[in-house]
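Sharing a structure, written as structure tokens. Questions coming.
As written, the chains take the letters A, B, C and D, and residue 1 is the first residue of each chain.
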Amino acid sequence: MFIRFITTGGTIDKVYFDALSQFEVGDSPVRQILTEALVEIDYDIVPLLQKDSLEISAADRQKIHDYVASDDAERFVITHGTDTMPETAEILSDLPGRTIVLTGALTPARFRTTDAVFNIGMAVAAVQAASPGVYIAMSGQVFRGDEVRKNRDENRFESTL
Amino acid sequence: MFIRFITTGGTIDKVYFDALSQFEVGDSPVRQILTEALVEIDYDIVPLLQKDSLEISAADRQKIHDYVASDDAERFVITHGTDTMPETAEILSDLPGRTIVLTGALTPARFRTTDAVFNIGMAVAAVQAASPGVYIAMSGQVFRGDEVRKNRDENRFESTL
Amino acid sequence: MFIRFITTGGTIDKVYFDALSQFEVGDSPVRQILTEALVEIDYDIVPLLQKDSLEISAADRQKIHDYVASDDAERFVITHGTDTMPETAEILSDLPGRTIVLTGALTPARFRTTDAVFNIGMAVAAVQAASPGVYIAMSGQVFRGDEVRKNRDENRFESTL
Amino acid sequence: MFIRFITTGGTIDKVYFDALSQFEVGDSPVRQILTEALVEIDYDIVPLLQKDSLEISAADRQKIHDYVASDDAERFVITHGTDTMPETAEILSDLPGRTIVLTGALTPARFRTTDAVFNIGMAVAAVQAASPGVYIAMSGQVFRGDEVRKNRDENRFESTL
């Protein structure tokens, strides 16, 4: 069992900088989350991007795609901003033989109350239990990547079926 | 998508009582964990037992079995003390057509640092993504219920294969 | 023992709004902090402003001054953004017979790791133990209001003596 | 400004050991609390005892007394179990020229919800702001050491006046 984690930014990675009174994408909290969860599987974390998902360009998405395509791992968890997560899921859908789960957070992982830890837990289980394909694990649900959208008004993910 | 949660006690539910200077099984934190995780699926939580798993008797296990057998849900997440989690998994293995995931925590959910939130996240995803059967989600891994043991010395779950 | 809390905004009150991908001043966490701290004293919380301290105007400061001047309480804890906390301390220095402690946070109270809880604890103790006057409780220290500045480069409060 | 912290055990230091299913006094969280609170003062932490306060003997109390008597610091914060905190305050009352604040927690510091951080904040401020003497900072209040008791039924500290 080996899982490749790829971090790309988004709310899950947001950090507050008092010196600037700003709240920006910072280092990913994935390693700390896995350590605190007493995870014993083999894994590696690749910080590929540090962007809000609305700023992820077509070239960025291609970069994610090419990284996964050239990697010999079979299981990938990709943390990603929520606004364009389905778009990134779509571009990864032509990669056979891999189980890819995208997840992120609606509230920053560094908050005392956050969905980040739960969502990473969902992604880690889904990437082991699901058949090859692309999935999005958010709002307590494991969606197929092509059957989900973010409902911004309600601040949740929901099925398009 | 409907998930029945059944809580039975164990470390995940432990509460500290200063008046007694004791640390005992209390109310389950499952509802709060699901609320903070912004879970949007339908679910129900049944508090069936409040016991350390070493105190769960054969009659208690039969009670869990009979509850699941008589329930019309298809997906069950059972929170349970870690020491005898595999024994309870075994007794549930004769119930066809259901996906059952047992999970718990090595550190109480009320601690600032705990594996409980991540583990519940894993269980929620596994119960959706896995085919019918009995599973244990602990230590970052989704095990088949008959292929896992707790290594008490190392304080982790590991495969028996 | 009665303490009047006045909240004015600042980092201590910052909330993240995913819908906007913004981080803005929200409701004050002071009540929750006092509740979790098992505080048994009598107190009241007045939300007077919701502003970053760089946005606090002379009129705002006068409003704080006038509120304290017209109130019959003797002990005040004022939560405030850190950048102009000394300016507000100065304007309050002409109010005799009151013990006034300003505090805030360098990291939002809603973060998992924050100085907010500790700082509110400091302020609550200082307002009881100190003689009448104006104080700033930050960076682990209780400063006289006219003997302290924020060192923005080092992100801490320090004595001007 | 220098503060000597002395840790003696009690609920504030409690740790959960899953291997034993027990909850015992462990390493003190004081250093982590001060670090997260962005404290900039000079301090030192001396782990003198690791005991529930009901197990603190007359000899233990004498040991605390002698440590403080022989130390050249002027400000002391002593973390202590809550049940016999007033007894330890009493034995320290014959040490002139020092400001000594005892504090602790009704809920372990490692819990997600705890009074420990707030109480340490209170103690750090009280030891700076109060005149020499012995104090207890608990339940949101700074008490004189000889004017306070723990009300075990209500699980709080209250004045004896």
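Quick notes on this one:
By our rule, contacts are C-beta pairs under 8 Å (C-beta built on N, C-alpha and C of every residue); 3 or more make two chains touch, one makes a residue touch a chain.
What you see is a predicted model, and the numbers here were worked out from it, not measured in a lab.
Common neighbours of chain B and chain D under the contact definition above are absent.
Ranked by distance of CA centroids from chain B, the top chain is C. Separating the CA-averaged centres of chain A and chain B is a span of 25 Å. Averaging C-alpha coordinates per chain places the centre of chain B 43 Å away from that of chain C. Centroid to centroid, with C-alpha atoms defining each point, chain A and chain C lie 37 Å apart. Across the assembly, chain A contributes residues 106-107, 112-114, 155 that each touch 2 or more other chains.
Here chain B touches chain A in the complex through residues 1, 33-34, 36-41, 106-107, 113-115, 117-126, 128-130, 135, 137, 139-142, 155-158, going by the rule given at the top. Residue ranges of chain D in contact with chain B, taken from their complex: 11, 14, 16, 18-19, 21-23, 52, 54, 82-83, 106-108, 110-114, 152-153, 155.
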